[in-house]
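Two complexes follow with subunit A in common, the first pairing it with subunit B and the second with subunit C.
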Partner chain A sequence: MIEVYLILIALAVVLSMYRFFRGPTTADRIVAVDIMTTLTTGLMVLFALYYRRAIFLDVALVYAVLAFLGVITFARYMEGGL
Partner chain B sequence: MVKRILAIVFILIIGFWMAKALDQVPFGQDRMLVGKYYLEHVKEETGAVNAVTAVVVNYRGFDTLGEVTVLFIASTGVAALLWRKKRKRTAKTEGSVVLTTGARLLLPFIMLFGVYIFIHGHLTPGGGFPGGATIATAFLFLYLAFTVYEVDHKIFEPLEGLAGVGYVTVGLIGLAIGGYFLFDWIWQTWGIGKENIGRLLSAGFIPIIYTLIGIKVGTELTGIVDNMIKEPEEGGQ
Partner chain C sequence: MSDWVAIFIAALMVISAIFAVEWRDLLAAVVGMAAVSLFASIAFFFLQAPDVAMVEAAIGAALSAAVFIFAIKRTERYESEEEGTGWWVRW
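Up next is the complex of A and B:
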């Protein structure tokens, strides 16, 4: 059952990759990266379930923090706050 | 166009060559020699449950010292390259209320999480370097949210140096007690925490060294961010 979810989320990442490569504006690409990082966090949690290792959840937590900060950095750069 | 085609052909040749070489390596087979020793002896020799941190800090501690030195040189190099007497932040746009309030609320959580990662280096994935990077992330968040924020350099740079000196001191104590540099004196001679492998107070000097590395990496990356985000004042040198 988990495999189905893994494939679905991986498919969603590939689909948002389309917006990343084609997106006409920079904001489109940043939003695409934001979506991809959020999906990847979910993917990591699912992998923790798949391998039945609770310690993998730590990695997902770190990734959530870093992904959030990355998007904030790009957004601040675009509004001239750096 | 010719240049690009030539470059692609060249990369393809290199890739084919490397794939040919990798074909000889048996993946997924039980061919480990040193790795098997680590996995079998890591618990009674170091007390750490996380084999990676045991290898990085205990078996191959000298490499970690080199890595910390590389980071220190990077931080010092950035500071030396961007050195000016009067530098301050030139950001004009204030962060939105959501961003500043979010930074205030999230900051303790990110800090606590970074400290959690480097204190539990011998139990969970991570260790000093990811923990330090997470702490630097918290400071980056402050830099992004507030246009006038600046770290206290009187505290930060001495802390960085003290953490590095602490790492070498732990190694030198090992040299004095055990006979070689970075000898795990807490585990192998005192035997503290032999009963509770897998709990917080175990694994010899790995938590101590990872705390020092975490502080050092956190302050160093924050220093790099601080140096790169500031610009010299208009007209002034």
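Up next is the complex of A and C:
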């Protein structure tokens, strides 16, 4: 049953990769990468469930914080601040 | 299943790396670099090295992108020479 969820999340990553490649502006690509990091965090939690190891959940926690920091940096540059 | 997941992650990483090199907008290239770091982190995670995946996420997603953004802010965003602007541009 977990494999079905993994395949669905992989399909969502592929569909957001389309916007990442064909995005006309840079903001589209930034949003696509943000979506991919969020999907990836869910993928890490599903892998922790699949391998039945609780240590894998810490990676998802750290990644959720740091992806937010990266997107904030991009947004501050696009705004003109920084 | 394990082989197909590894091939899938590697293919996404290779395609992202090619586009990160090809784009002329340097901000888009930094976004491509962040995507490559993302897939590298997933690859490390899938190969059951969670500490390496955590450090890769910390370095690649936040620190490296922030440093490149600071560098782009101090210099310029686009690569300078454009195609077909005039005969006097290219000698």
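Quick note on the criterion: the second predicted complex is superposed on the first by the 82 of 82 C-alpha atoms of A that agree within 3 Å, B and C clash if a C-alpha of one lies under 4 Å from a C-alpha of the other, contacts with A are read in each partner's own complex, and residues count from 1 in each chain.
Everything that follows uses one rule, which is that a contact is a pair of C-beta atoms (placed from the backbone, for glycine too) under 8 Å apart; a residue touches a chain by one contact, two chains touch by 3 or more.
Computed from a predicted model, the values in this text were never measured in an experiment.
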**Prompt:** Counting only touches as set out at the top, which of subunit B and subunit C does A:43 meet: first, second, both, neither?
**Reply:** second
**Asked** Thinking of the overlay built on chain A, is A:4 touched by subunit B (first), by subunit C (second), by both, or by neither?
**Response** neither
**Prompt:** After lining up the shared chain so the two structures overlap, which partner does A:59 touch, if you call subunit B first and subunit C second: first, second, both or neither?
**Reply:** both
**Request:** In the overlay, work out which of subunit B or subunit C sits against more residues of subunit A.
**Result:** C
**Item:** Partner chain in contact with A:79 - subunit B first, subunit C second, else both or neither
**Value:** first
**Asked** In the superposed arrangement, does A:69 touch subunit B (first), subunit C (second), both or neither?
**Response** both
**Message:** Using the superposition on chain A as set up above, list the residues of subunit A that contact both subunit B and subunit C.
**Reply:** 55-56, 58-59, 62, 66, 69, 73, 82
**Message:** List the residues on subunit C that touch subunit A in their complex, please.
**Reply:** 1, 5, 8, 12, 15-16, 19, 25, 27-28, 30-32, 34-35, 38, 41-42, 45-46, 48, 50, 53-54, 57-58, 61-62, 65-66, 69-70, 72-73
**Request:** Quick one: which bits of subunit A touch subunit B in the complex? Just the residue numbers, please.
**Result:** 55-56, 58-59, 61-62, 65-66, 69, 72-73, 76, 79-82
**Complete:** Given the complex, residues on subunit A that touch subunit C span 3, 6, 10, 13-14, 17, 20-21, 26, 29-30, 33, 36-37, 40, 43-44, 47, 51, 55-56, 58-59, 62-63, 66-67, 69-70, 73-74, 77-78, 82
**Complete:** subunit A partner, complex, touching residues on subunit B are 91-95, 99, 110, 113, 117, 124-126, 130, 133-134, 137, 140-141, 144, 147, 229
